[in-house]
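Order as written gives the chain letters A, B, C, D and E; numbering starts at 1 within each chain.
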Amino acid sequence: MFSNTLFMLSAALTLGGAFAVVYSQNLMHACIYLLASLFGVAGLYACIGADFLAATQLVVYAGGVVILMLFAIMLTGGTGNKINRYGLEKVAAMGNKKTYFTAGFAAVVTSLIILKIIASVLRAQPSKELAANQVTVEKLGTLLATDHILAFEISSVMLLGALVGAAIISRPRKEKHD
Amino acid sequence: MDYTLSTVAPVVLLPFFAFVINAFIVKKFTKLAVAVSTGAIFVSFLYALRIFLDFLNVYSVGYNIHKTFTWFDLSTGSSIFKVNMGIYIDNMTSVMLLMVTGAATIIHIFSTWYMHDDPRFGRFFVYLSLFTSAMLGLVLSDNLLSVFIFWELMGFCSYSLIGFYYEKEGAGNASLKAFMTTRVGDVFFLLGILALWSVVGNVSFVDIYNAIGAGKFNNLYALGIPLATFAGFSIFMGTMGKSAQVPLQVWLPDAMWGPTPCSALIHAATMVAAGVYLSLRMYPLMELGHLLPFIAIIGAITAFGAATIALVQTDIKAVLAYSTISQLGYMVIGIGVGSYNASFMHLITHAVFKACLFLSAGSVIHSIHCQEMPQMGGLRKKLPYTFFAMLLCCFAIAGVPFFSGFVSKDRILGDALVMALAHPVYIPVALLGFAGAFLTAFYMFRMLFLTFFGEPRDHHIYEHAHHEHLGWNSNIPLLILSVFTLGLFYSGSFTGQGEVNLFGTKNEWFSTLIHRPDSNSLHHFAEYKSEEFGLVDTRDKVELPRAHFDESHGMSEKEAHHVHQIHKAGALASIFIAFMGIFLAYSMYVKRSIYPGWWTSTFSGWTRALKNKYYFDDLYVKKIIQGLLLPFNNLLAWFDMGIYDKYAVDGWEAVNRFAFNVSRWFDNNIIDSGMVDGTGASVNLMNAILRWIQSGKIQLYFVVLIVVLASYIWTIHI
Amino acid sequence: MSTLNLDVYMPVVILIVLATLVAGGSLLVGGLIRPHNPTKLKETAYECGEEPIGTAWANFNVRFYVIALIFIIFDVESSLMFPVAAVFKRFNEIGLGGTLLMSVLTFVLVLVAGLVYCWKKGDLDWVKSFHATKVNIAAKEK
Amino acid sequence: MNSTIFSYFSQSKELSTIISGLSKSLGFDATSLVAFIVFAIACLVVVGALATIGGLGTYAERKISADLQARQGPNRVGPYGILQFLADGVKMILKEDIIPANADRFTFILAPFLCMIGVFATLAVVPFSSGFTLTDLNVGIFYLVGMASLVGVGVFLGGYSSNSKWSMLGGMRGASQIISYEIPATITIISIVLLAGGLSMGTLIGGQGGMPQEWYMFHNPFAFIGFFVYFISALAETNRAPFDLPEAESELVSGYHTEYSGMRFGLFALAEYIEVFVVCGVATALFLGGYKVPFELGTGAILVEKLGLDIMLAKNIGQVLELGSFFTKTFALYYVVIWVRWTLPRLRVDQLMTLCWKYLTPIAIFNLLGCAVWMYAFNGKSIYSLIFETASTVAGHH
Amino acid sequence: MINLGSYLIISFALFICGILVMVARKNIIAILLGIELILNASALNFVAYTKFMNNNLDGHIMSLFIIVTAAAEAAVGLGIVIRFFQLRESIHIDDAATLQN
């Protein structure tokens, strides 16, 4: 009963957010909608017992990635002045008819394919009772510390690479005097 | 003793950690980095020594330590896909470990002197550490996959070391050449691994032996040839690349562009040894694939050909480089004629004396800042310790009795002789082998005499050569290495022929402990079970019956006696040949000025012929030799230039030229006459389409990607 | 085996709804009774009495981004650390604490290397640009 | 799997009779329905109580500030001016609601909502007592961290949407301050998770005891340092003095809520005050033994044994004791928060970042590793038990 | 209600939205938003399959690392965007075509 409600709410939030990201013409708003969508995904995780993932989704996306994106939007001039000093469109258009047409085409093609792949699953709906959710954190921790220890360690190296690389790329440099 | 991960791993991990640490600190704390590298390899050497002594203490043919762990396991249900990694230490590995760490330690110490005024002093040690740890990892590996990983790591290190002086164009080219040439072998090696995997389902040495013993390779064919032959050949191609066998030998002489200690490491202890080591490990496969004659012939051609080239070199390092190729040829001959133990012994002895030779050459070069032998001469007064070390090493490599080279090389040659008498295919092998031995003795002593004897030919250089003092890091390493050129350490007897046993039979540890895994005893490996790390080692679990590994196994008393007789004859012949070579060299480069009367009276028939040389100085002598050997030399040069340059480079150019001609004809006759406009339009059209596709717009690429992927998925049945 | 029951998440949903209701309700109630006479002056942004010039949505200094960047890396790191930290006690009890300690140590130290890098390169200094300019000017004067 | 307030009440017979009766009359399993009702009531109580606490917080702050500065503080509305916060609330509701013409209306309206949601959702796992925790999620503390990070978005959006330079600066500063200080706080939390071996609030508090020497704060030296690291980070995360840079009156007018008036501002303020309470509660739960009462009084077992009380009654009494314990510690911390405000001067923005990244984060990482090593070296024993054991060994008792 | 089919439909819709955003937008940051959507769709799929098919936790690990990777990707991607903006004062994706000619 409540499970279904939670699922419905999360799904609605996810899909609504995602559609709004597509629909929105304002980058900042799109970012907020993305936050909503990711929040919904966290709810969906919670529905099938991935409680740790749900929390991770909250911490990393809501607290991290979205803030990072909001910052990046501000650093690239927000959504204000549309034209830069070269006369170029500074904050680029959020798309026009042509691009939407291309995107629609790509989406249709992709959806055909995906539907073909998942058709068998959709046709055969197992209606068994779902098992209760287990405690995942300890199991995840055990997996991370034993079976996936290499991935665990390497992810730290990857994060280090991302940190150093992004810091180098985005570090303010002195402008050349021309 | 009980081996665990913590007692074995430091051997590899210490140099590796030294590499990791030094990679960070090398810029600021060069001295510290050098100390870390040297200290690490020295401690590693102590570990290896302990392992070696332990094995010597057990003194059992079958004693080994094999520990594995599962790297990853992708098995699902019935299909097993599991990759194990692990270490495998048997007698051979323990000897290799000792040799590699020992030589590397000596070379590290020597490098602290040789490289100390180099601007990239520290970086050199960083590479050395990685290189050594890669080699040690290769030696400890229990399966081909990790061998391949370390193999490639070494390839990279040699690339870095050869191109160490990357400002010099030649060094850059040489490093590229080394990298590319070995790559050819590596591709085949990988193919061989895959072929073995397809049969064995695993690439651990022991499992491969088991599969061979169980006859799993019977009636299996790849590309129409027996799979064992295919796999064996592919793996041997890897050896050819790494150990510089004809026709992949071209990279090794260029490898001398690197600093001399690194040449010592590449030529002696690590890189080239890896190839031979691999072939030795895969010996049962080679035997099963009937590849031995082929291997022997390749080895013989290499041994002789390289020796002839070495005759005409004037660069001291080039002589050594070609002699390395030649000696590697002997090791490969050893594999080919089934002289497993002697081949491995030659690997070890060669590592020692060649390391010493290179270090001595480095010492000379560093002292006089010149590599050309015609400009040297008379240096033995200035560099007495170097001279002493080099003399012993030259004795060793030439095969003078009581020295290590004699023990190992003559066993190989003796076995070659036995095989030649048994089968005519091996006759050229034996002939070329003996001829190569003669040339070896000759050119090595030619180098020695030109460098150290006679009068200084370039007084400017001679005057500027600083007098040598017994420095702890410049000369002690040489002297240590030169002591180990004595055959005593390897055979326990002076001659190595089992005739003079100084300490009794038990001390012939080398020929007792190292034995080839015979095909007819391989099934004993089937009882073997690999152990996970942390459990007890497999001591005595694989205790193979001594008889199965006896040299005389399957031979009657009479046959054994016969073989022994042939060995004896071969030994005598090679002693004679060695002295002949030395004698010839001596007569050409030193003799006349010292004992001319003795010469004329003893060899009166030869006097007139030799007299001509009295009035030639070294340059002319060289010209004569070059003139005599020019055809052969040209043949080898033709290999180098004619094959590689002509067919790879010029051939491609010819193809291009041909295509160009065709298209010009096409252009002139068809396009220009009337089709210009139409073609132009079509080209424009194509251009437009291509330009539209190649727009640099990532999103368009993405859409195209989706469509292509979609069409692909749509066609497959799900 | 019990069936799927998500009642434990009920308070979360209720609280989120409640937060929305409290906020929205108070605004709504207030909307009914409070005055509403907007003027142009009221609706301009406050700038101490000056007329605001241009929009506030200008480019900001990139150091904000660098801070956020370091933050997200450590955020992800902590989210990976949580499950491992949660099992540390249990591993320690069965004698695997040393192994886990080593892996945690490696993991953390690699990231500390990143922090040290940023520290050395001055990404953590808020006033670096000011200082750098000073140094630059000094260098130019020479 | 998780203990919730509903599972606590399910222990009483009355509730189970109600559930079975309802199930019979309605024709389906009414457990969820009853659970919903229980949760809804509990949530209302918690929110009501927390709103009151938040309101009283403003009053307390003004009163304490006045004390510290030797003045009277609010004293007109109600006895000792205690109803001042109600008057403030009414005033806020009645104030005109102004949205600047150039503002981004959507985000302008959304920002306070995000702050409210982020703070209120964290209340779900705050452990008021062993029974009266709304829901003790398995990922409790991690969930709390995640939900609290919504506040950062809210602050940023509040600053952004106003389209005012003061607001924008305040919002950027606020957001980067909140996310920066999240790192030392989170890492310190990890070190406590390491000690406790679980993420749920029940596990975290369960590893501690009622007496101070059983608290994690005094478990080992690293945790002791960790408490201060966490407390400082928490202050900064809630934008409290001396870290109230985003709303620094003297330089940024009022920071990210410069353009907010009336109830919208009130929502920000309410969220902030409740967050301070939540953060103090978390500090209590992690370091100060949470709701634990000395001598295991909280379970009520002793009461049943010694006084022969009814089990449920004893448990309820235990819960009340636990609530008292929790609120006492939390309010003590709350007092310290207010106290700090008038003791320490505000930091400069560069000092703020230096403090976070060059002091707190390295110390926090050091603490984490230190805790791990301590766990490994001393088998998870606290310093007190180590001393006690050594002492008893020396004294010859074993 | 909660079954594999509905999860697949949701992740499918998320994926399509991601593709729409990625292709339709000309703003690099917006494209990154689309990528986040796509990554979430795939992570959701992993978890759903692992719950409904074999009920172990491998999918969770996979999703965890997807989240980790997505965060690193966002950090580096946005760093590049910011650098690009500093150089060209634009975040229009078609301006990033220096290599075209």
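The working rule: a residue touches a chain if its C-beta (ideal position, glycine included) is under 8 Å from a C-beta of that chain, and two chains touch if they have at least 3 such contacts.
Being a predicted model, the structure only gives us computed values, none of them experimental.
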Chains touching both chain B and chain D, listed by label: A
Components of the interchain contact network lacking chain B: one piece
Touching both chain A and chain B (chains): E
Most remote chain, CA-based centroid, reference being chain D: B
Chain separated most widely from chain E, comparing mean CA positions: B
Geometric centre distance via CA averages, chain E-chain C, whole Å: 21
Interchain centroid distance [CA atoms averaged], chain B/chain C, Å: 57
Chain A and chain D, separation of their C-alpha mean positions in angstrom: 29
Distance from chain C to chain A - Cα centre to Cα centre, in angstrom: 17
Residue numbers of chain B (touch at least two other chains): 699, 702-703, 706
Two or more partner chains touched - positions in chain E: 2, 19, 22-23, 64, 67-68, 71-72, 74-75, 78-79, 82, 86, 93
Contacts with 2+ other chains: residues of chain D: 1, 32, 35-36, 137, 142, 160, 172, 176, 179, 182, 198-199
Pairs of chains found to touch, sorted by chain label: A-B, A-C, A-D, A-E, B-E, C-D, C-E
Chain D - residues contacting chain C, complex: 1-2, 4-6, 31-32, 35-36, 39-40, 42-44, 47, 51, 92-103, 112-113, 116-117, 119-121, 123-124, 134-135, 137, 142, 160, 162-168, 172, 176, 179-180, 182-183, 186-187, 190-191, 193-199, 253, 258-259, 262-264, 266-267, 349-350, 352-354, 357-358, 361-362, 365, 368-369, 372-373, 375-376, 379-380
In the complex with chain C, residue positions of chain E that touch it: 2, 64, 67-68, 71-72, 74-75, 78-79, 82, 86
Complex interface listing, chain E residues touching chain B: 19, 22-23, 31, 93-94, 96-97, 99-100
Chain A - residues contacting chain C, complex: 2-3, 5-6, 9, 46-47, 49, 52, 55-56, 59-60, 63-65, 67-68, 71-72, 74-81, 129-133, 137-138, 140-142, 144-145, 149, 152-153, 155-157, 159-160, 162-164, 166-167, 170-172, 174
Chain A residues within the chain B interface of the complex: 99, 102, 105-106, 109-110, 112-113, 116-117, 120
